[in-house]
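Sharing a structure here in structure tokens format.
Note that the chains take the letters A, B, C and D in the order they are written out, and that residue 1 is the start of every chain.
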């Protein structure tokens, strides 16, 4: 990159003492919706990136690591995948991954921020890759709280693709026992509820552990799994919750069979990757075994 | 500025070892013209800023310091101001300042980059403030070299508002004796040729000194003057060249009278400011007295 | 500077939205005294730099601009220079400049932070250049408040070389009417009290204006003067206060004569520089003419 | 961290377009040895960090992830651990991990940069934790090339803990077939040669793949394994090479038994972690299966 094209930078602040600087080739969009600050940029290292409230949501170069990790273990472990509910997921990539399985009859996605959905369609079409036009997609722009109050559906898989529940974030009110109960009420017997569940580095795993501890009050199996996502600059954790299925004990054969049913090719996930992400480093298992705060 | 609005930064590189970071509220435009990389951003400290090839050209908050300094000393010192020529100056603010004097009958501006002119009209209308629509304005999109080859005009004031003549910059070919001769040929007896003439800090004055030394071959009076421009993060130098007028010896009364003829109010320039900017710090006078490289 | 020597940086924060990054060749010292955080670093652009509480105090390359500006106008304007009092000035460069005048019989310097004085002797000997060993120097490590309570001296020049009176800074309690009265009580008839008096950019001149307004309650002449100091990245202001002398009206001849009495050569200050720094830009004069907050 | 303690930063450059900024509480040491640029700093997020030629080598907070990953899989897989050779490893933490196994009779460590060894003893004693004083440690300050030319030893485990073989780095000449042959000549039948082997992110895995391809010419089993190291901000890869043992197929029971023989507690490595790090993400397996450059 010549000097003259290196004046625009995206600085992600992990803490006031740790910053990550990305040189930008272009800023496609920068503005505010009714709910959050939005940036769509093009970085030299990761291609297009979606930034919400200053935090990287996904990058063109590695969003498949994140979205395959979020969607497929739960889908593979669930007894039935015909009805899927997605909370959040405005970019459309979670929806895209869900719809890659022909067994899905209806994928209902509820995102509060319709402007992010529209910006994603416009600037990040590679993320949804046509999923918004799939007849099986039921995209609702609205508050997940209100949706859960009124919905009477029943789902084999519920996927929470919400931003971090930070103070002031639109996802903050969704992290509490009352909402976790409503979600469970919508889950079929044999169903799996999966969440993107914050960072899992040795130095930033407390929010993840708090989520895990809270959800153990609701499900027999609450399983953490973790993968590195380069654009996030962190090991990223997920939680697969179920009363029936323990996703960490899924047989290799079952994962392989599930993957063979997907249209297109995976970039990240298969049976060996499943083994990797569900085998946790010792320090994380120790931290998850401790008592502590809950929501 | 809340955290969430601080992810976009403009980083100006003075040298690989000295960087200035500006948090941006917004990027209005970022792209390439046929000639250069262009950014129009909004910084927290300086408001809107125009950036060409990674260097700050002017900021909403203090462009009047730069443009009043560039235009008025020369206009005040010139014997006749009815015909003015501006080389560069795409933002239109140099034109605006020139046209503030009712004695100007025609201001001809030649800028190679018509896209910068259009972007400035669209995003930086405060800079030109209507000047492009003034019937006295004659705005030519074209190469200053070709213009000077063909032009037969005669000007009381010639103002060079070009970018730094760095390697690869569109202004680079304009800094040579041949062009300086052409410019002088267009200057009326009693006329003044003024240039924005690079930085004048003790550690970055060599380009300015090189310009001064070169122009002394062409004019009886080649006078440096200097003001700090906060958005440039530097003391900025100008050169007022003339065979007739020594701008540094202009009487206070003459400056005051000139200023009283301008429409609107000045922000920066008046007789006392004139005294300030033409009185140079000792180290700069010493540096300018030395021999050295020329163009 | 090769890549491998560019991992250490000094980041000066002007505001959360404006940062200046200096690549460091070396960190000579970094620690805390009883009063403040201290850094002595070597930057590629400015050589050695002293940093107190995260703010640049002076740099090897241009400290003479700052210290000559602080000391000489007041010394030149004062009726008598035999007794000089310096508040702060731990680096020893203010003392050095004072002692360059043979007419000084005693220069008393009071700095609260003896550790900064010792660190300056060790790491920044170029700043004091032997001044601490001059028999005319009387260096007191102690609280200026206590010193002023007890001192019965009488001074022709009082120089305040304190850090910005920010919340929590050791200099903060020294900016109030009670202390200003004590200082005035120590000033001889015909004496001049000069202060380094914060930044004077159009966007950061409010603290300077507040100081000026406060001191006008105490002195007949309260004169602002301003120079750019590259290592500070700002136009820097000073205040020369006196009931007798108006430093801004000092005759060129008087400045020249004063300068001729100094041992060694000046880098920055002489009669022409005096004219420059006391002629203020229009926007600053306007701001200083307005009413507003005082200490 | 208060503002005043946030002026020192360590900036790690992954590429000119991707930078990681660490606020420093302290710089313990910064200088040059005969071979490389060395920094010992204390960051807010990671505690003490060792930096060689501008790249993070290890951090107090997570060096155990790196060093346990480097040492224990190879030690667990080797037929005999009584004789161990370490190339590089100046901090002493690789030596420390090796010596945690009572079956080690002699650990020979060869590092070219004795100054780094001494700086580590002085500033990073937690890294070696007494290992340099263990009677089984044989620490040689010297060139690994010369050592390999003359050594007649025979080792069950050879551990390469060298810096990246970048242009100009002291480790650069050690990455070639001639040296790989010498190392193999020193390896016992049943022995394992393990290397830290660069980054393994989807966007920066080419150097790792090049190492793997080269070593496949020398060994029957060349197994990549990968863990995220937060202070490196990257997934980090290692290569376990052997004609006898395939470390990726080590039985859980064997790993558990090996770990039970270590003194003290592991932070990162055990049988489940072994499963994690040897199960590679799909995109990495695909990249490793392709042909390409070799050393």
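Just so we're on the same page, a contact is a pair of C-beta atoms (placed from the backbone, for glycine too) under 8 Å apart; a residue touches a chain by one contact, two chains touch by 3 or more.
Keep in mind that this is a model prediction, so the values were computed, not measured.
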{"item": "Any chain in contact with subunit C as well as subunit D", "value": "none"}
{"item": "Furthest chain, CA centroid comparison against subunit A", "value": "C"}
{"item": "Computed distance of Cα centres, subunit B from subunit A, in Å", "value": "52"}
{"item": "Computed distance of Cα centres, subunit C from subunit A, in Å", "value": "56"}
{"item": "Separation of subunit B from subunit C, taking each centre as the mean of its C-alpha atoms, in whole Å", "value": "33"}
{"item": "Residues of subunit D whose C-beta touches two or more other chains", "value": "6, 21"}
{"item": "Subunit A - residues contacting subunit D, complex", "value": "1, 6, 14-23, 43-46, 61-62, 65, 201-203, 227-228, 230, 233-235, 266-270, 272-273, 275-277, 279-283, 285"}
{"item": "Complex contact set, residues of subunit B against subunit A", "value": "3-13, 21, 26-27, 30-31, 36-37, 39, 51, 53-54"}
